[in-house]
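These are the structures in question, set out in turn.
Two complexes come next, and they have one chain in common, chain A, joined by chain B in the first and chain C in the second.
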Partner chain A sequence: MSVEAREKRQPWILLSPALTAITLLLFIPLLFIFVYSFWLRTATGADEIGFYLDNWREALTDAFYRDILLHTFKVAAITTVVCAMMGYPAAYFIARSKGNKPLLLLMLMLPFWISYIIRTMSWINILGVSGALNTFLLWIGVINEPIQMLYNEATVILGLVHFLLPFMVLNVFVSVDGIDETLEDAANSLGATRWQAFVQVTLPLSLPGLAAGGLLCFVLGAGTYITPLVLGGTSDAMFANLVFEAIITQLNWPLGSALSLMLLVVLGALVMIYNRYLGMAQLMKGLG
Partner chain B sequence: MSSVTLKNIVKRFGSFTAVHQTDLEIPEGAFVTLLGPSGCGKTTNLRMIAGLLDPTEGEILIGGRRVNDVPIHKRNLGIVFQNYALFPHKTVAENIVFGLKYRDIPSSDIPGKMQAALDLVQLPDVGARYPKELSGGQQQRIALARAIVIEPDVLLLDEPLSALDANLREDMRVELKRIQDQIGVTTVFVTHDQSEALAMSDHIVVMSAGRIEQVGAPQEVYNNPSSEFVANFLGASNVLEAECLEAGPKGAVLLTTLFGKVHLPVEKSLRVAGAGPAKLVLRAEKLQVMKEGSAPEGMITAPATVETVDYQGQTVRYFVRVGDTQLQALNMIDDHPFAKGSAAMVAFRPRDGSALAGR
Partner chain C sequence: MTRKMDNTTRYERLRERYMNGDIDRRGFLGLIGAAGLAYGVQTPFAKYAHAAANEVRFDGWGGVVSEAFRKYAFDPYTAKTGIKVVDGTFGDGDEYLSRVKAGQPGEFNIAHLSGVFDYARYQNLGLNSVLNEANIPNLEFVIPKLNDVFRKVSDGTLSCVPYDYGTTGIAYNRKYISDEEVREKGARILLDEAYKGKIGGWTDWRTRVWYGALQTGQDPNNATDMDAVWDAIRTHRDLLLKYWGSGAELMSLLAEEEIYLTEGWSGRIYALQEQGHDIGYMDPPSSFAWQECIYVMKGSPMEPCEELLNFMLAPATSIAVAEGQNYPPALDPTKVDLGAKIPTLPAFDPTGTLEQLTFADPGYWNGNEAEWSKTFGRVQKGY
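Here is the complex of A and B:
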């Protein structure tokens, strides 16, 4: 075999384990889900195999689903903005700190060592009726009886921020860490204050990282069902909760399949739109 | 345009002292080079002048004004960084006008100033391009244009040529000096390259281990080094132990084991005070390797054996053995060099030696 032929084959050989796994574990199940979504759940509880558009009609026309989808996007968007505002300064600090960067990054990764569900449940111990905060407020006498702080939209967002903040910080960190510090020195020497130098130089150069972090937070936030389940009230259900409900509770696989594909398509479209801008931002970075 | 003064400057990083008790006067309009090996404190001094580091002790004056507490963005300095530090997301034109936006300059004057800066660095047509699209040498010129367009009081250059390849470096050396002559700005240049320092400077400040070793014009530092360190850092020198027999207005007489008595003129013997231990500095370029018996009158000679020949075309570097000492000689040749192992002799004129105080 010639060298060129070997070089052409090599990427495929190296990619084959990953491609096999993705095909078996993602594309084929997805195909099943796609087929399922055209079946019909009958009153008897059995699935009727065929090509029915009933599930899709229901998913696409019922205002109930549309409202929950919009609510899901609103919660994910607020979460993303909060993560960006909290995560950017932290990432910038870690990237620009001297010496103990590995330790700071380790501390950032530490929450990943604990199950996401446990981390989410821990808020019940903090904010619950007999949780730490209520106990403290009762003890210092600010309140006379416990306040219900859980099970609303704010606690869902709190839980999501807790879950997603490290993703934002890591993405911004990587991009700020890659920006030459002397660029800020240069901007300062030309007359810009530290803030002006940041706004003019560091911030625009770190936008690809911020965008990547934002996209990750939004998609993960919009696709979650555990946080609203554990920390949300009855009216705080997000779209993935509907899928969970349809499949696990009602055992209505066809409807659950249609709903989950709907979420997948909408988020996928969003990623593609985002990617256009992200792609341009990367191009800008590529110039540097 | 302003003078720069360092008064009793000390810089410590924790328990490490990067700059010891330093006094330095950089006259208005001068091109002054801080020269030394890495870690000698030259960049630390530059960064303190720039305001990127605070001195631990002492005062920095720019144009007679104390600037210790003046933040960098108010010092009005032009800095060219080693890696150029051009803003990658801005075009060349945007890079150059960056500093003008923070000054009280009518916006109608900005394009003219930008173009003048581009013309000065002889790249008039690259304004619309991004830095990445320029070669290293061109980026270097744009960094210089960006630093001088703001009409700084002082221009600070931090090893600006070290990232360029050899030929380009020599071209830029000439170019940089031309631009500095043209605008006449006080310039502090940091380098570890002795030829850059010799070629460009009005004054060279030789530094070692956080201390200033010698300050002087290039010829002075080169011909009359104040220490063994300076003698060896600016080119190669042979430093021989000697005994000073007498020193005075008529020069000095040094007694060496290899060459016997050497009579140095007065300007080469200023560093020995009187009789006592001394050192004789012989530059490798001034030590001639010759055929036995061919030395002109007045030269001091000694028989030698050629041990190593490092042939470089027009020049050749010899390591020769004289007695039990190995000496280095860097000679121009127009034919074949001496063969390794051949017998020859070394010779120098007394006025090409210089004296240092011994021990």
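Here is the complex of A and C:
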């Protein structure tokens, strides 16, 4: 075998374990889900094998699914904006801090050591009627009786921000950390105030990181079902909850498959748009 | 001396051939890969076959119930038979059925299922076994009515043994709501505007439709005006703080006083009372009664499973489990002395006839399952 041919094969050989894993664990299950979406659930709960478009027709034309999808995107968008507003200053502070950067990054990663479900449930002990916040407010005399703070859209967004904020901070941090600090000094020396130097130099250069963090927060937020289940009220269900209900409660795997593919396609389209205008390289840096 | 031809020997010989140059690298790696693939494909299925005679898998609700099963049934059973009981848990019956449906025949053996409609669902999906009742002599202690209900679904045979029963009645915080008020208003107290934001409800479509029927004065096993039922469910939803999804969440919401009023499972409310919470419990007329069973899946090793069921039905085991989970056992109180605690449990019937309890008609409920579960999914979300 020639050296050239060997060099051509080498990347594929090195990639083969990852490609095999992705094929077996992602593409083949997705193919099963795709095939399943054309089957039908019979009245007894058994699946009828065949090629039926009923599930897709229902998923695409029923206003119920459209409304919940829009509600899901609204919650994910608000969460993303809140994460950006809270995450940017924190990431900027970490990137520009001298000496204690590793410690601050470690503190940022600490929440990942605790289960996401436990972190979500911890809000019940904080915001509940007999939780820490109500107990404190009662104790200092600000309120006479507990305030009902849980089980609404605000607590769902709070839970999502709690979960997603580190993803935003990490992406923005990577971006800001890579910007040469002397650029701000140069802007200052040319007469710009510190604020002008930030707005006209640092912020534009860090936008790819902000966009990558925003994409991650939005996609992860739109696909969540635990947070609305634990912290949401009667009308706070998100699209992933519908998939769960169809598959688990109603045992309607074909409809659940169609719904999950629908969510995947919509979120996949968003990623494609992001890739078209900003490229995936920044996202990879943030994840790395 | 002949060396035993095990997998290690095979790999060693293959490697030797490669090192000697008898096969090229591509051939060597190909054979190793093929062996790995064959092992990977074969292993997940083969383990059930190998396990069949050595172990039985049991899935239940976890917590004190599993502890009681382990202590009084599984450990003595393993000591006597040498067959290990692998003890798994599930959050709710729907989730478990999904796992069984996704599993391989023989992967799941025995489960602690709820309701006759669950029994019927497993039958409809072809997951049923047929028990040899001669191998379960303790079946004679079971209340006959509980067995008969299952037999009707499976043409006179049994795929399970009845194990316990209970009710889903009204639970209320006595600090805010009196016994008299609950008695007077019955199921309609769950629609009382005065408790808006302090009412809870189980996110189970059957319970919602059952209570919707009671609140509109209809027979829960034969509601004729479903529009009125859905309207009642919507009214209830609008007064609700939260739909709860598990017994632990029900207990937490009541104990933390997030809610004052909900329908609840009799055993869980009794547990709250035992913990010192002043929570009342009342079954309105035609309250939702249900029975649980120990179900054996198709493809399971039948004789070991039947022997385990017999262990579980032994009065000492049944009573210990019942005292642990606070639901009366399926044992007939006219045949077995149930001790001091069980007669104090909610829903307990000292006559053993269960005439006072209203159970779900499986044909009626399963016939409407597809439509009503879907409709409730929408109503629950504000539609």
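Quick note on the criterion: the second predicted complex is superposed on the first by the 279 of 288 C-alpha atoms of A that agree within 3 Å, B and C clash if a C-alpha of one lies under 4 Å from a C-alpha of the other, contacts with A are read in each partner's own complex, and residues count from 1 in each chain.
As a working rule, a contact is a pair of C-beta atoms (placed from the backbone, for glycine too) under 8 Å apart; a residue touches a chain by one contact, two chains touch by 3 or more.
It should be emphasised that the depicted structure is a prediction, and the values quoted were computed from it without experimental measurement.
> When the two structures are overlaid on chain A, which partner does A:A237 contact: first (chain B), second (chain C), both, or neither?
A:A237: touches chain C, not chain B.
> Looking at A:T44 after the superposition, I want to know if it touches chain B, chain C, both of them or none. Which is it: first, second, both, neither?
Only chain C is touched by A:T44; chain B is not.
> Between chain B and chain C, whom does A:N275 touch in the aligned arrangement: first, second, both, or neither?
Touch partners of A:N275: none, neither chain B nor chain C.
> Contacts for A:L205 in the overlay, against chain B (first) and chain C (second): which applies, first, second, both or neither?
first
> Of the partners chain B and chain C, which touch A:T20 in the superposed model: first, second, both, neither?
Touch status of A:T20: no partner.
> Can A:T193 be said to touch chain B (first), chain C (second), both, or neither?
A:T193 contacts chain B only, not chain C.
> If you stack the two complexes on chain A, which partner ends up touching A:D185: first (chain B), second (chain C), both, or neither?
Only chain B is touched by A:D185; chain C is not.
> Can you tell me which positions in chain A touch chain B when the two form their complex?
Chain A reaches chain B through residues 180, 182-183, 185-194, 196, 200-201, 204-205, 284-288.
> Could you list, by residue number, the parts of chain B that touch chain A in their complex?
Interface residues on chain B, with respect to chain A: 50-52, 71-79, 81, 83, 85-89, 98-99, 101-103, 130-133, 146-147, 150.
> Please name which positions on chain A make contact with chain C in the complex.
Result: residues 41, 43-46, 64, 68, 124, 128-130, 148, 150-151, 229, 233-235, 237, 242, 245, 247-253 of chain A touch chain C.
> What does chain C use to touch chain A in their complex?
On the chain C side, the touching residues are 94-95, 97-98, 101, 121, 124-126, 197, 205, 237, 240-243, 245, 252, 256-258, 366-367, 369-370, 373-374, 377-378, 380-383.
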